[in-house]
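After this come two complexes, each holding chain A, first together with chain B and then together with chain C.
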Partner chain A sequence: MNKSATNRRSFIKKMAMMSAMTAASSMFPGILFANEQEKGIPEDANLDWKKGPCRFCGVGCGILVGTENGKAVAVKGDPNSSVNKGLLCVKGYHQIMCIQSKDRLTHALVKKNGSYVRTPINDALDLVASKMKETITNHGKDSVAMYTSGQSTIPEGYIASKLMKGAIGTNNLDCNARLCMASAVTGFLTSFGADEPMGCYEDIDHADYFVTWGNNMAEMHPVLFSRMLEQKALRGAKIIDFATRTTRSSTASDRSILFEPQTDLAVANAICYEIIKNGWVNRSFVEKHCSFSKGLTDMGYGLEDHYEFTDKPQKIDFEAYKEFLKDYSPELVAKYSKVSVRDIKYLASIYGDPNIKVVSYWCMGMNQHTRGTWINNLVYNIHLLTGKISQPGNGPFSLTGQPSACGTAREVGTFTHKLPHGVVTNQEDREMAARIWKVPVENIPSKPTYHATEMFRAVDRGDIKFIWVQATNPLVSLPKTSRYRPGMEKESCFVVVSDVFPTPTSDVADVILPASWHIEKGGLYGNSERRTQYWDKMVEGPGETTPDAWMFIEVAKRMGYGDLFPYSKENHVEEIFNEYRQFHEGAKHGMAPLEVLKKESGVIWPYVNGKSTQWRFNAKYDPACSNGEDFHFYGKPDGKAVIWQRPFEEAPEKPDQEYPFWLNTGRVIEHWHTGSMTRRIPVLHQAMPNAYVEFHPDDAKTLGIRNGENIKITSRRGSCNLPASINERGLPTKGQIFVPFFDENMLINDVTLDAFCPISKEPDYKKCAVKVEKA
Partner chain B sequence: MKKRLGIISLFVIIFIAFIITWNYSYLEGLEEADIPTYDTPTGNFIPAEGGVFKRFNNAGHDFSNMPIDENHQRSLDSYYDNRAYHGAPPSIPHPVAKDRSLGGNTCLQCHQNGGFVEKFNAYAPVTPHPELINCRQCHVAIKTNNTFREFAFTKVQAPEVGVGANNAMPGSPPMIPHQLQMRENCITCHSGPSAPKEIRVSHPERINCRQCHIPISNEKQQMDASTFLRQFNNSYEE
Partner chain C sequence: MPIKSYLALSISGRKEELMTALRNLHQCEVVPAKNQDVLALVTDTPNEKEDDILKEKIEALDSLKLLSLVSGFDTPHN
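What follows is the complex of A and B.
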C-alpha cells in the first residue's frame, strides 16, 4: 500500500467516522480497506451503518448500509465479513440506488378489463386467496403452483414450503434455483449424499492452484476472484482458466485452456485416465473412503413434455472403472475436445502432484449442462482419486449465482421433491416436517410434481390454473421463452407476481403485489460456503410494499390456515427462523442461533458447540465424523464417497449446415440476472446499456460483420436482434457466439433450448445451434 | 599416459552426462507447459479486458509497493498542461536525445518502468502501452511556444477529480471519467511516484481495478430508461 502522510483534514474526517461507527456499534476498525471509502464521505454526514449481506450474487459479501434520515445513502464493504474483508464489486457498491427508481411497484395492481388498477393491498391479497381457494375447489390441489427464488429469504422460502406442502398439500413448489443450482445439488447428493460444498472460501488462502471450469469469475464472482489475485501476487498461486470463451478471467489467469462445448465430460475423464496411468491415485484414501458406481446412459434430454427419468446406480469395482476410462486417453479426447494432449496432461499433472494444493471452481458452465450432474460427478472423481478434498486449500467448490440459492432453495428446500429436511419421498422426512409444522402427515404428498421447466409447460398445457411467482423473472430467465410467454398469457392460468419492479413477467400478471426490497425488510440469506447471514430492516419501503413472507402468511390466513401461521408482523422473521432451525439440529447441519447470527457477519453451518465447521467430512475439523478415520463421508450409509463412471455424450443440438453456430449465454459484471435491479442503477446502466452478440473476429470477418452492426440470431425456436461485439468484453471460440441474457429488450432466451439434465432437471443455456445474419 | 587420459576422459564424460541429465530433469520439472497446437487464441487477445492485469507480473516493477516522494510529485494541472486537450497524447516536454529514432529503445529506457531522473529532477511517467514502440508517431516534442497563426481552440474541460466528483453515492468507488483505449493498464498512471498526486490510487495492490470502477462517459448522460420503464399511469384509476 502507498504510505502517504495523512493530512489534518482527512484525519479529522476519519476520527468523525470512527466515532460515528462506534455509536452505531456495528463494526470495529478492522481491515483497512473499507476505511479508504470513508475518505469519500462528506464530513458533515451523520450516517448510521447497519450490516447485511449483498443483494446480488451467491458470494454473499457482507455490506454496511449507511442510512441518513431514514434513507439509504451509502454502501461499503463490511470489514468484519471474512467473505469479502471490506471489498465489494461495482454492483454491490451501488445496489441501494435501484430502490429510488421511479417505476418502483409501490401498490398492488389488479388487472381489470385489460388494464391495471391500483388496489389496496388487503383487497389484492383477498383476491389472491379466494382465487387460490376457488381453483383448488374446482380443479384440485395440483392445479395451483408457486414459483419462488434463490433470492427469497430463508423465512420466505420456509413459509412458501409450509403453505404449499404442509397446509394446502401439493408439491407444486419449485424455484428459479432449478435453473442454476440443481445440477450442483444432484452432483453433491450422488457423490457424497450431502448437499453443499465441503470446503469454504478460506481455501483460497491455502491453495497453490485454482482451476476454474467454465467459470468467468472475474465478472461473475469478482470479490472471490480478487482474493485469488491477491494470493497470486502474495504467494505466487496460479490460476488456470478452462473455458469455452476467452474472458476477463482468462486474461488474468496464468494459463487459459479452451475446449469445445460439451467436451468437458471427456476432458474430466481424460484427467482421471492420466491420474491412474501415472500412478497418482491416492490409494489409501480411495480404498478407505471411496466406492465406485455407474448409472444409466443415453437418458435423453427432456425435450418432450412429461419426460421422466430415474437413475439406477449400480456398484462397480476399480478395475471396471479403469477399463471404462480406456476410451478417454488424452490422445483420443484431444481429437474432439480441441484441447491439446499436452494441455490435458498438464491439467492432470496439477491434480496429480501430491505436493500441490488445488481448488476447482465452477458455476453455470458445469451446472447449466444437459449432463450437469455427470460433469459435477466427474470433477469430484478427480478430487477423490487424488484425495484432494475436504482440506484447507484442497477441494472442489461449486459456486452459486443467487444470494440465497443455498440458504433458501437448497437448505429450506423450495423444490418440488424437497422438504426443509430431506425429501418428500422419504417417510421419516415427511413425519418430521408434519411434526414441526403441526399438520397431519398425510397432508404432505409423497410424490414430486413439476420441476421449473415442466411447471411452465404445465401452465402452457393448461394443467396449472393458478401460479404465484415471487422474486424472480421467469419470462426473461427461462429457456425457450418463445413457448412459455404465450403460455403464461393464456386465460387458463391466473398469474400472481410479487416483485419490487415491473418486469416482463409482471406484464402478464393478473395481480401484481408490491414487495419490499431486501433492506426494507429483515431476513436471512445463505451463501455458497454454507454461511447464514442475518440482517435487520434498515429503511421503510414506499407505499404499501410488504415483505414477501408476510404476504404469504396473510394469504394463508385468508385461506383458513391461520392456526399454522401464528406469527406476528413485527417479529415473523425471528419466529419463523427459530421454528425452521429445528429441522437441522445436530452436528451435520446445526445452524447458529439467532443471537449469534445477529452479532456476527454471517456464520458457517454446521455450527456445533459454538463453533463453525469449515471443512466437512474431515475428522480434524468436523465433529460429525464418527468412523475413527481421518475422513468420513457420512452422507452415504457406508461412509464412502462415490466415484462415478459417467461417459461423454453429445449435446442434444449441435451446429449443422443450417444452424452453424453454437450459442452460449451468460452474464456481464455490471448486470445481475435479468437486470430488473441493476438496469435501474444509473451507474451500471450507463456502463452496459444493452446486450450484444460476441463473435470471434475470424467469424465476423467471414460474415462481413462489423462492430455494432445489428445482427439477427435465429434458432429452431425463435430469433433475437442484437448489436455485434467484436474483440470487446469477451472472445468466443470460432464457431461460437455469446450473448448476455440480462436485457429484457433483447430476449435471447426466445432462442435458447429447453433441454435439461435428466437427473437434475436443470436446463442447458450454454449450448444450442443458431444461424446469424445481418438484420 | 593413455591410461591417465582415459580416466580423465571417463570423468569428463560422466561430468557432462551429469550436467545433461541434471538440465534435462530441471527443464522437465519446470511447470511451464506448452503452447496448444490449436490455432484458437488463448490469453491476452482482448486488449480492453486484459490490459488491466498486464503489468502486475512485471519483474522489477512492484506496483503494490511504490515509494511516494512528496517533494517530486506531479500534479494533475501539469499533467493536463502537457496535453492539447483531454484525452490527447501528451507531448514530450524535454529535449530528445536521438531525433531520428522511433523512440522505442530510447523512450522506454525511462518510460517503461519509470524512475527518478536526476537531470529533470522528476520521476519519469510510466507508459500504459510499452508494447507500442513507435512512440513518436503520437508523441511529439515542443520546440516553440508560438503558434503559426492566431489560434482559438478551447480545450475540452477535463473531468473533475476528488471526493464526490465521479462517484454516484457518498463513499462509493469513483467511475472512470476518461476513455480506456490505450489506457487499459490503470496502474501505470494511477500509482507510483510519477502518478499525479490527485489521481494516485491508495490501493494499487487490488489489481482487478474494474471490479469496482467502471467507465462513465464524459458528459454525464442522463439514463435513458424509456426503453424498459413500464408505464402504468395511463391506466391508473386513482
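What follows is the complex of A and C.
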C-alpha cells in the first residue's frame, strides 16, 4: 500500500475505535477509556501539551491539548486535575474535531439585500457599533440588549456586563444560564444568601449514599458518575435514582424510584415530614443554625408578557412548619406522586440515619421547573433538618450544565439583576461596580429589566430594537421557539450573532461575527464546584476569527467608551481578570491570583491565605466563619440558613383529553446542548445523528406505533415530527414521552411551553401537554 | 479489506485475560475501559474470509461473554 492509503487505513481504524467507544458510552453508564487519548498520536510526534478546561459541560474536566505545528492534534485528560484525574468522557476526547469543520465561520458576514456578504471584521464591528449607537439615540438605552452564555469565558462575561451596565447604562443583559441555572441561584440565595454549592467533588469520595433528583448523571455528568460508580465498587456506596424516566443512570443505580412529574415538591416535603415524625431532626444544628420562613403561594407561571412577581418572605417557627407538613404524610403524597409509601419512607430513612453520609445531586430536573426555586429550597430543607451539610460526604449539590455557568453567568453576573458583586438593586453593590469600572454610579440602573424569556418577548413585541447574541443558540434552546423565531425575524430588531458555527440563530442575523473557539483564545471558566480554570491561547483561529471579549471591546471603543476599556489585545484576558478579581476580595469569595491559576489545574474559591476552601460554612474548613460556632451561614444577616415552607403546586399545563401526554425534553451523552459543536464531530454525529421521541412500550402498543416510525408531536404552541424510539436509550413512564433537543432539524422547542419559575424566571422544559399521532 | 469495530464484554473479572488473548490475535487492536469489563475492539483483516475466521476465533475465547458489532468499513485494495 502506498503512504496515503496507509494513512487512510489508520484513520479509518481510529474512527472505528472511536465509534466503539462512543457506542460504549451510550450503553454502559459512566464508562471511561483511559488510554484512548493516546491513540492516533503519531509515534514520532513531538507534541506540546497545554492545559485547559473541557469546552463542554459544567463538570469542568481538565484537558491537555497536544499541538504540533500550530495545530491542535490530540486531547487527553489532565492527570493533575482532581476533577477527572486524567479521564474524559466521549465528548471530551473528541472536542477539537469540530474546529476544522468546513462550514466554520471564519469571516464576518453582513446581510445585504437578503444575502450574506463577506465583510472585513473591522467594517462589521463599525456597523455593529453604529447600529447600537443609532438605536440608543433614537429609542433609548433600553432598546438595545445583549444575550450571552454560560459558555462565555469569565473575561467575556465581565466585559459584556461592564459595557451594558456600566458604559451604556442598561440592565438589558441576560444569558442562557437563565435557562438552566437560575433556579439553583435563587435556591441558594433564598436558603443561604450565597450562591453556589457549599461542598465540592471530593464529597464523592466520602458519601455513603448518592441521591440523584431528576438527574441523568450517566449521560449529563459522565465523569462524576464514573467517580460515583468507582466508590460503589470500592466501598459499597449506594446510588438512588429519583426521576420521572428510567435512564442509563437508573439502570446503574442501586435503586430507581419514579415519580409523577411536578410531585417532587410533595415527596421532598414528605421526606421532611418523616424526618420530624421519627425524631431524626438534628435539633442542636437546627436550633443554632436555621430559621424558618414561608413565602407567597399561587404565584402563577409567567405565561403572560410583562409578568412580574416579588416574593414576600415571612418568618415562621418550627411548630408552624410542622403543622404545614401534616398535608404531606407519605400516605397522602403517595396517592398523587405515584411513589409508594415504602419508597418515601426509605428515602427519608437514608437522610434520617445520623450514621449515613448522603449527597443529593441535581441539575435540570429540579431547575427547569415552574417551582424551581421551591424544589431547590425543599432539598436544602432535608439536609438542614438533619444537619447533613457542609461536611465531606454530606451535602446538597446543585450541578451546573455549562462549562462556565458558575464562573461567568453567576459569579461575573451576566443576568439582568446582577453585578459582578451583588445585585443592581443594592446601592452598595452599584457603588462598588461604579468605583471599579470608573463610571458615575448613576450610570448603573437600579431596576432589573428583561430575563431571557421576557427579553425575546420584548424583541417580538418590538420593544427591543437591537440584540447581540453571543456564544449561544436561542432559536433552538428557548422554550416556545414557535413564537421567538418569527419574533427575531422581524425587521424591527437588528440582530447580531457572534458564534463559531452557523446556527438557526445566526440564520436570522443581520451581522454574523466569527468567534474564536476556546483554545484559539485565552480565558477562564468556573465549574460546578467553584473551581476557576485558566488557559492560554493554544492555536491560531482561522480567517478573521476574534475572541468575543475583544469584539466587545472594539465595539465599546467605537461607541466612545474607549477610556473605560483600556485593555491591550495581547493581554486583555489577564488585565480583565485582574480588574474583575477586585469584586471578590475577601474570605467569602476571594479568587486565586493569576500566577496560581496559571500553574494549577483549577483552583476552588474562596481562596484564602494560599488555600482553597472546599467546604463553605463549616468553621473547620472555612476561614470566613466568624460566629465562634461549628457552622456559620454567613450569607444571611443572622448567620442562619432558612428552612422554607413551600407547598406542592400543580404544573401550569397537565395532560388532558386533547393533549394526553406529558412531554419531557433533555439531552443525550453524545451531544452538547443544541449540537452546534458536537454535530460537527463526525464520530458523535454518527453515533446519534438525529433526535427521536421515546415512548413507553405500552403506550406505543396502544397507539400501534413501531420503532422508527415518524411521529407528529403537537402542543398548543406548535408541532414537531420525529422517529419513534421504543426500548432504546431511555424509558419514560406511561403517559410521558421524551425528546432530546440537540437537533436543529427537529425543533422540539417549537412545542414546549414558556412557563417559568416566578422567582428565578427559569423556564420549565420538562413538563407540558402534547398529543401524538403518526405523521 | 474489512475494518470492523466491536464492543467485547469479558466474563466478570477476566478483562485482562480477554485483552491479552485478543492482542495475541494480531489483527486486533484493543482499548480496555478503565472502569468496566468492556473492551473496544477493532479488527483489520485482508478479506472477508479472514474476517470470518478471525471472528470465529474471537467468539471461541473463554473469557468473552458477549461480542457486539458497532461498525464495519471496507477499504479498497491498493
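Everything below uses one rule, namely that the second predicted complex is superposed on the first by the 734 of 775 C-alpha atoms of A that agree within 3 Å, B and C clash if a C-alpha of one lies under 4 Å from a C-alpha of the other, contacts with A are read in each partner's own complex, and residues count from 1 in each chain.
By definition in this document, a residue touches a chain if its C-beta (ideal position, glycine included) is under 8 Å from a C-beta of that chain, and two chains touch if they have at least 3 such contacts.
These numbers were taken from a predicted model, which means no experiment stands behind them.
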item: Which superposed partner A:226 touches (first chain B, second chain C, both, neither); value: both
item: Touched partner set for A:322, first chain B, second chain C, both or neither; value: neither
item: Partner chain in contact with A:90 - chain B first, chain C second, else both or neither; value: first
item: Chain B versus chain C as contact partner of A:340, first or second or both or neither; value: first
item: Most chain A residues touched (candidates chain B, chain C); value: B
item: Which superposed partner A:712 touches (first chain B, second chain C, both, neither); value: neither
item: Touched partner set for A:139, first chain B, second chain C, both or neither; value: neither
item: Residues of chain A at both interfaces, chain B in one complex, chain C in the other; value: 1-2, 5, 33, 36, 39, 87, 226, 229-230, 233
item: Touching residues (chain side chain A, partner chain B) in the complex; value: 1-5, 33, 36-42, 45, 47, 66, 73-76, 87-90, 93-94, 96-97, 102-103, 109, 115-118, 218, 222-223, 225-226, 229-230, 233, 246-248, 250-252, 255-258, 338-340, 342-343, 346, 502, 507, 669-670, 679-680, 682-687, 689, 727-731, 733-734, 744-745
item: Of chain C, residues touching chain A in the complex; value: 1, 3-7, 29, 31-36, 38, 40-42, 44, 70-71, 73, 75, 78
item: Interface residues, chain B side, partner chain A - complex; value: 33-34, 36-38, 40-50, 53, 56, 64, 66, 68, 70, 163-164, 167-175, 191, 200-208, 210-217, 221, 223-225, 227-232, 235-238
item: Chain A - residues contacting chain C, complex; value: 1-2, 5, 8-9, 12-13, 15-17, 19-21, 23-24, 27-28, 30-36, 39, 87, 226, 229-230, 233
